[in-house]
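First chain A sits with chain B, and in the next complex the same chain sits with chain C.
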Partner chain A sequence: MSIIKDVQSGKKPLKRAYVAIFLWFTGRAIQAAAKVDREVKKEFEKLPENFTFSLGCLPDGPWMVVGREKGVVKYLGGDSRGRPVQVRLAIKSLDAGFLILSFQESTTLATARNRLITDGEIPYALAIIRILDIVEVYLLPKLIASLAVKRYPSWWTPARKFGGRIGVYTRTLLGI
Partner chain B sequence: MNSAAVFAFTCPVKTNSGNKALENLPVELAGLNAVNPLVVANARAVGSKAVRTLMGAFGDSGMTLGLFEGVTEATDLGVVDHLKNICLEKKYDAFIALGGGKAADVAKVLNLAVSLKTPDARRLLPEAPVRKRLLPLVVVPAAGADGLETSQLACLSRMVFSSEWLAPALAVLDPRLARAKNGIQMAATGLAALGRAVESHISADQNPFRKAYSFAAIRFVRENLLSAVADPGNRKAALAVLNSAAMSGCAFSNAASGRLHKLGQVFYDLLGIPQGVIMGMGLPLVLEDALREGRYDLAALFQPLAGDDAFAQTPAEKRPEAALVLLNRFLEDLRSVLGKELPKSLREAGVPGYRKEEILDVLGQDEDGPYLRGVVERMADGERERKG
Partner chain C sequence: MLLPDYYEFCCRVKIVAGHDALEKIPDLLIERGAKKPLVITDKGVAGAGLTDIVSRAIGDRVDAGLIADDVPPDSDLRVVNRLARLYRDNACDAIIAVGGGSVMDTAKGINIVVSENAEDLMAFSGVGALKRPLKPLIAIPTTAGTGSEVTQVAVIKDHEKHLKMAFGSYFLLPDIAILDSRMTLTMPPFITAMTGMDAMSHAVEAYYCLQKNPLSDAHSLAAVGMIYRYLPLAVKNPEDRDSRLAMAVAACLAGIAFSNSMVGLVHNLGHATGSVCGVPHGLCMAILLPYGLEYNLHKRANVMAELLLPIAGEQVYLATPPEQRAQKVVSLIRGLNENLHAITGGRHARCLQEIKDREGKPSVPRDILPQIASAALLDGASIYNPEDTDYEDNRMVLEAAWEGKPLDRTRVKKG
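Now for the complex of A and B:
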């Protein structure tokens, strides 16, 4: 018997499932927010036509791909193969992804802790982060959203916040 | 500081420290072009939980890892040769040393033997120059680390291998592994870091890069060691001590081998006494001598030990003595927390007289031999105790 054991790395099915569901829901929410929120719409308008970005975990996902086709923002699923991706936001591990997406760490803190890799133009990546922050404010209650975003937008009017929330949730659930 | 001084500094070690730092390993290894790593660990020293934590960090990466957890204090070049043959056969392309001390030394020498495809590792000689970049080495120091993990040195079979290429490419410091079994283990790590950092910091040759590392290491020890010793479960303080050990190794690699390091190494090699325990015992003696000799920049110690405000308020000529007073007070505080667990003399450390002679013989072969023998004699019964 060899003195060296071969050990196959294990699996993390629960964390993987959580991250996959979160990314799926957020992807659809971004599509919805681009129709409901003016600020998100404006951010997307500044991005080039056919711009596509992905967010997910290394080494093999899960991923979320969102793109702009003929001026319309669409959630394109979890597989970017066969599609040019202009910006890839990669979280270094599934555990780091779980930390970020379960709001134990904000995106900014995770970036400071070297958990994210940006592959693409930095200004575009920053636009995506701003969009994600707005979407999280719509999706999450204030207490949790404050942990996820750098600065909670207390200056938003109730009409924008609650009206937008209804719009984003309805469109996300219906996928429109 | 003399800006015209001629100096060189090398530190190829990337550091990943903090919560869930271990989980970055698969990506970091991919960045080093490694997909088939071998983990080298002393399972008895670090515990099976640490091994499980490390292996768990590779979850979902799809990698297969080799695991050798049989490193002991008796591991020698014969074991390294056997491991080398298996590594060449199984084509391992990176090494991960889990834990401090021997595991890191074995991983470094094994990396040397595998990378150079040495026909017989038992014939490896420290004098033979290493001219080739080795395979990537990752060190994951755990409780019981001595700071040499991040250095360019490897000590095995009473030989000291030294090369820039022996230094690890990556050091991963994770709070889950920083927790010590007891206060004395934590104190040994901190004192080894403090000893090496202090020697690097007061070295006569000017090297601002090295000073940046040693300054931070001393300050980390000063601010965190007491809390970490009083409560070994304090993850924040324990991680800071582990960081200081890593920094002291980087600083030490760029300084001439110090007297304290030599003392600690000899006692560890021959008697297995943690280096930090011996270095903590010898630190006041060596620094008092350094103050008398006037060859060392003891005043430079005052700022990391006392803080910026006290440094600014103390006249330059008083800083060397003040630094010594602070350091002695710090060691006393540490002893008051640990009580008799931290020995003040070789007698308290349980070093028998006949082994002392053996140690004196080994020290006698060093260029600093006469001086070091004198220090050991003074440490034997605790000179400071005698003085009252």
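Now for the complex of A and C:
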């Protein structure tokens, strides 16, 4: 009598594809925002040269890696390729990653539910969280961004909000 | 009360509380197969005769004669390594830590080194690096505040490399916490006041910050009620054993609450103020707590309102309209600070500008607030604060806390 069956976690190709595309897009958007937004630029300037961080899902991805190279912020793809990573923001599972990155669960709630794990020096991790928040405000419409960040920056000037958004989107799509 | 659909809670510390709890130590050690504990403490605790009380209580059923009483208030890696060597050279098999936060952290550091046979403590820093139980550790707090007898974290500094290493693991929880009223009977009133307010800030922040859950809530509510009632009594009558024991238990309850649900803005700004100006942690907590409540009130009014019941009792709770309860909690906590200020003859500062150093000079000059506001951006406690905080927000709260004026809540950026 075998009651216990092996539970297969399944491949979940759709969720995986969504998360991968989202991370790819966000990675390029961070690279773009580092050129367009003064605050993002300032945050990166405070980080050490060659600083690298990753965001992704446990146990086996997908991941997004962003790093500084000679003062320029670059999206490095889905793999750190041996580069040391100083900060790793890990979501506990692909399912949780899908919930968070499709904005069905706010980042605040995800933190409260212990679904986001931060590895690395806290001051650096906090800078990365601030950068991600700004990038999400650029990428997403207000209604959705309000879920993704703790507080939607309604005090931003129209120039920053709209001008910045056009700049970030153009650069993200062109990958520059 | 909020019902999150996922949370974690852990407190596996055996707690022995009473006016004669110390006498239980030999049994507890023998149960765990230990016969030769290393007792560690600091000069202040030993000077106040507290280690003598512990030694007498232990008697001669176990050999607790090895006492290291020179843990500095600002302990570091060198101290940990030196005392770990002492532990090994004398073939000890348990650690008894008598003191406040610095002694507890040092004890946890020593325990990692001796249990893991480690050469380099650094290899075990971060969260989850420890994989198995350590040697028996008995924590005997001598202040009623930090709650470190029930927390799973330790911070050890490396003064040579200018590093601060944080360790987090359930294995760092002491095996046993002994809460004995004799350990706090000689604590001076103004220290009693500020350490007690540290405990209050743990209980209150744990109750409204992001990782709150029904289990941490239960501990918070019990702690808030006890502290509000017994702290003024313990400050007024230092030798009142019942108030002392109540405060020791309340601080422990608050420690269990916050180590399972984390803290927010109050500790965020408090850590920064402490590191920039070197002022005592408890005093920062006492001053900043009302501001943490005010700053987050628009997001957490309902849960803050629930604190009114343990603080003010049923009659006041029912007589206060629901939408005014959170604000009432803020004013009662301000009132508690006023009361402590009066009982301590003014030594319990009510705002940042009132904090003085030993020579009577102000410890927090107003022009240093920008520096504190920036330093706070490097501290992780902000993660669990309900509302977001940036440099300007920190600045605004600090300015108000410096002057001692209630926060102008219309200026809080709500998004």
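Everything below uses one rule, namely that the second predicted complex is superposed on the first by the 167 of 176 C-alpha atoms of A that agree within 3 Å, B and C clash if a C-alpha of one lies under 4 Å from a C-alpha of the other, contacts with A are read in each partner's own complex, and residues count from 1 in each chain.
Keep in mind that, in the parts below, a residue touches a chain if its C-beta (ideal position, glycine included) is under 8 Å from a C-beta of that chain, and two chains touch if they have at least 3 such contacts.
Computed from a predicted structure; not experimentally measured.
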Which superposed partner A:S102 touches (first chain B, second chain C, both, neither): neither
Contacts of A:V149 with chain B and chain C, given as first, second, both or neither: second
Contacts of A:L126 with chain B and chain C, given as first, second, both or neither: second
Which superposed partner A:R113 touches (first chain B, second chain C, both, neither): both
Which of chain B and chain C A:R16 touches, first, second, both or neither: first
Chain B and chain C footprints on chain A, overlapping residues: 113-115
Residues of chain B touching chain A in the complex: 16, 18-20, 23-24, 26-27, 30, 38, 55-70, 82-83, 86, 90
Touching residues (chain side chain C, partner chain A) in the complex: 4-8, 126, 166, 210-212, 377-380, 382-384, 386-388, 413-415
In the complex with chain B, residue positions of chain A that touch it: 2-12, 15-16, 58-60, 92-96, 99, 113-115, 117
Chain A residues within the chain C interface of the complex: 108, 111-115, 118-119, 122-123, 125-126, 129, 133, 146, 149-155
